[in-house]
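In what follows, a single structure is set out as structure tokens and then discussed.
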Amino acid sequence: MNGKVLEIRGLCVDYGIGADAVRAVRDVDLTLHRGEVLGLAGESGSGKSTLAYGLTRLLPPPGVVSGGQVIYHPAEGPPVDVLTLSPARLREFRWAETSIVFQGAMNSLNPVHKVSTQLLDVIRAHEPTSTAASRLARAKDLLRLVGIAADRLDSYPHQLSGGMRQRVMIAMALALEPQLVIMDEPTTALDVVMQRQILGQLAELRERLGFAVLFITHDLSLLVEFSDRIAIMYGGRIVEEAPAARLYAEPLHPYTEGLLHSFPALRGPRRELTGIPGSPPDLRAMPAGCVFHPRCPKAFEPCDERVPVLGPPGVDDPTRAVACWLHPAVAPLPR
Amino acid sequence: MTISPSSIEQVIPGQGAMAQPSARARRRRFRFVANAKAATGLVVLGVYALLAVIGPWIAPYDPDARSADVLQAPSTRHWFGTTHLGQDIFSQILVGARSVMVVGLIAGVLATVLSILIGVTAGYLGGAADESLSALSNVFLVIPALPLIIIVASLVDQAGDLLVALIIGLTSWAWGARVLRAQTLSLRRRDYVEAARATGERTWRIIGFEILPNLTAIIASGFVGTVIFAVMSEITLAFIGISSVSSWNWGTILFWAQGQQALAQGAWWWFVPAGLAIALLGTALALINFGIDEFVSPRLRTGGRTRIRTADGRTVRMRVGFTPVLAPRAAPVPMQDTREDRTS
Amino acid sequence: MRFLLQRVAFYLFTAWAAITLNFFIPRIVPGDPVQSLISRNQGRISADAIASLRVLFGLDSDRNLWEQYVAYWGQLLHGDLGLSFTFFPAPVSEVIGSSLPWTVGLVGVTTIVSFLLGTALGVGAGWRRGSWIDGLLPATTFLSSIPYFWLGLVAIALFAGPGSFFPSSGGYEPGLVPAFDAYFIPSALQHSILPAATILVSSMSGWILSMRNMMVTVSSEDYITVAHAKGLSERRVALSYAARNALLPNVSGFALSLGFIVGGTLLVEIVFSYPGLGFQLFQAVGSKDYPLMQGIFLIITISVLVANLLADVAYLLLDPRTRKS
């Protein structure tokens, strides 16, 4: 962990403006370090995808970023706030510095263009001075990197299987050697065998190329294995953040605990499967106090009145943070 | 054409899903009338419907009555002027509204019923029935409708309103049937329909209670579309002198205007009012259809709030791919975009 | 290839259906309008021509329906569509042959231009929501609600007339002989401007609107977000990603609605007395020339089918998914 690559500070994302606005992400602070895999987990509707699309400014209308900063630290040169970039600068920034692998492996590729066209156009857009031959050579290397034969360049998306398409997307995401790759449920649409294969490959590639990953999924068990750190999101907020092993062994937030008890343990002692009663909150009518309190088995007196702050639960424990009245923060998360 | 829901859309609350609980449905229904386009269209259509009923009573003259005021320009006595026989054009327009509306209505209802019968049956039954019904509607779709209508109508001497409406209705159901078939096909695979089938619900009950209610918008838009086509066809038939020239509709007025060289005589008032009446009716119907389209897929709305003002008075445009940032720039930003020197 | 063969098979089937329809229509309708035409022209028509008309219109009632049908097909395959009464004694096939090029030139070209132009404007309107093109939509809606022929009348009243550059009727200067020469071609072009503009103005808005709506729908597809995320230029995302995909349903919509469009645009010829099929049809209706009417209907149908096939080929070239062998 040598230095930060992305700092999200107080990010708020809304759907709609003015009176109709619904806040889907509120006051999110999150830091990614170079080369690390940060997992972001939560139920559907918790705001994790909105967070990813918001910080890259890819959220379609009526989505708006209503506050905060997204500070990116390039390999060399001073840091930039992604939210203040002009469209032209943003276009340069995209893919070259952070690339994204999207949820829908099926719909992420343009159905009317060959794989080669879609791989080459991104290289040409960012490196207009490169020669056609060098771009083609790079595209072939990229496909080989993810274990696809180079002659697949001439295929159309509909001629590839789901797993292959997602691998093409990963190859594409690595085309410009970005420092950060955001992955939004990259393997959810695939079968378990393919999922394992691709994740294994991804871990290996990260080892080799050293990019950081923001890995978004509802599948906490996947993250426990695959990521260095995990952040848990609920009702648009980060409720807990900790190194993967510690979060798994010793969850502090009752919601994290509930999530961990929603799937069978892969290794170690058996746990009882309980799940979480109730359903995620309606963004239009958020409960007061801690958003989780109506579903929380351990809710007590302050929970329905005051919002707990995200911060380290003890002075001796700076690696993790939680937003829960059971473990009140000793200090707000240092920025 | 079915569009697969995108993963991004699923994140947006309150959008995308069409089948919603009844409280939401009621609010949406209200919103349809609140849609400015649909409301304008409905008001204009209402005026036309009123004219169709009371037109012949409030007409100041008998549309056939000749007078000495031959080929008069519009005046206070004859608001829209007179014909070569001194007939009052304003009265002809008023009296003609009924025929236009009646033919549009009958043909529209007939074609809509046919398109529901054929389209929904084909989509729901599938298999050989679907193949043959689809082929039938595709054939009717490809064959040029208006020439066919002209041929059939011209074989009948002086075709009256009812016959014209029947011919138009029988030849113009294919588009609606095609759209309905596609939608039924996708509805049939939805869980609640599968569930109803699995519990042994009767076919007619499934179609009547599970499928048809979800086709309402498409049926309505098909009906409006057919009415537009029927009105245009009827007027065309009258204009080229196929249907009965003794009963008045706006096409008949144009037929006489064209036949008597109204253009060459500079009698613009003879053909302008009828054309505007048609165009206004067509526009009203088209507006209703836009309203239905936008009601079904809210993304199609024009205007709306594509430009928004932020707290500090800047104007930002909502656009795909570049989410606007509302955060006031006054906030301390320690790091600036320092790559100003690079060209884009 | 399979896709194309399927389409060809369908169009052959449709052509058969249209011809069969043409066979039955005069046989279903009560009364014998053709019989009265023949008796009115007694002595002027040859026995051969009468025999051919009897086959076409089902007057040979001594034969059963199947024999009539076979005889009808035999005659069509020989290109014999009967005699025209309007242009007596010219055969229908000859009348159609002389007017078809005019219609293909006017209606064919303007339909394609209108589609291309409308689609291009629709791309603009759908990509930049709330731009000036959106403001144009109500106006184009109004224009497209006007019957083509009435718009033609207004165009003549406003722009044509004595001393104007635009002639108000005809396809070329009277007195010229149709030929590909320096006198005839400019004259034909001059005569086609006003009718062509009429068709363009009223038919284009449909394409603007449908392309706009397709662009809006496509804009929310994942691959558009990916294209934005890739940092491609606005132009490339709009054209190569969004418009390229939105074009597909618009092209199939074009193919499907050709029948509607062509029917309406033909009538523009009437107001301009343009020497094409539409004007011919109008004259045939006026003089109850049933053989000519039916012949024109057949030719229009077959032309539309051919145009449909061409649109299918275009679709095949545009969508790689249909190219699977």
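When the chains are written out, they are named A, B and C in that same order, and each has its own residue count from 1.
Here, contacts are C-beta pairs under 8 Å (C-beta built on N, C-alpha and C of every residue); 3 or more make two chains touch, one makes a residue touch a chain.
If you want to know which protein each chain is, UniProt gives these names: A = Peptide/nickel transport system ATP-binding protein; B, C = Peptide/nickel transport system permease protein.
If you're wondering where the values come from, they're calculated on a predicted model, not measured in any experiment.
Measuring from the average of all protein CA coordinates, the nearest chain centre is that of B. For the interfaces B-C and A-C, the C-beta contact count is higher for B-C.
Among the other chains, C has the CA centre that is most remote from the centre of subunit A.
Taking each chain's centre as the average of its CA atoms, subunit A and subunit B sit 46 Å apart. Rounded to a whole number, the gap between the C-alpha centres of subunit B and subunit C is 22 angstrom. Averaged C-alpha coordinates give centres for subunit A and subunit C that are 54 Å from one another. Multi-chain contact residues of subunit B, defined as those touching 2 or more other chains: 6-9, 306, 318-322.
The multi-chain contact residues of subunit A, meaning those touching 2 or more other chains, are 58, 60, 87, 90-92, 102-104, 107. Residues of subunit C found to touch two or more other chains are 219-222, 225, 227-228.
Residues of subunit B touching subunit A in their complex: 4, 6-13, 305-306, 308, 318-327, 329, 331, 333, 335-339, 342, 344.
The part of subunit A that touches subunit B in the complex is made up of residues 14-15, 17, 22, 24, 44-45, 49-50, 53-54, 57-69, 71, 77-81, 83-92, 102-104, 106-107, 184-185, 283-284. Put simply, subunit C touches subunit A in their complex at residues 219-223, 225-234, 236, 240-241, 244-245, 248, 318-321, 324. Of all residues in subunit B, only 1, 3, 6-9, 135, 138-139, 141-148, 150-152, 154-157, 175, 178, 228-229, 232, 235-236, 239-242, 254, 258, 263, 268, 271-272, 274-275, 278-283, 285-287, 290, 293, 297, 299-300, 302-304, 306-307, 317-322 touch subunit C in the complex they form.
Remark: subunit C residues 10-11, 13-14, 17-18, 21, 25-26, 29, 31, 33, 128-130, 134, 137, 141-142, 144-147, 149-151, 153-154, 156-157, 168, 213, 216-217, 219-222, 224-225, 227-228, 237, 249, 256, 258-260, 262-264, 266-267, 270-271, 281-282, 285-286, 288, 290, 293-294, 296-297, 300-301, 304-305, 308 touch subunit B in the complex.
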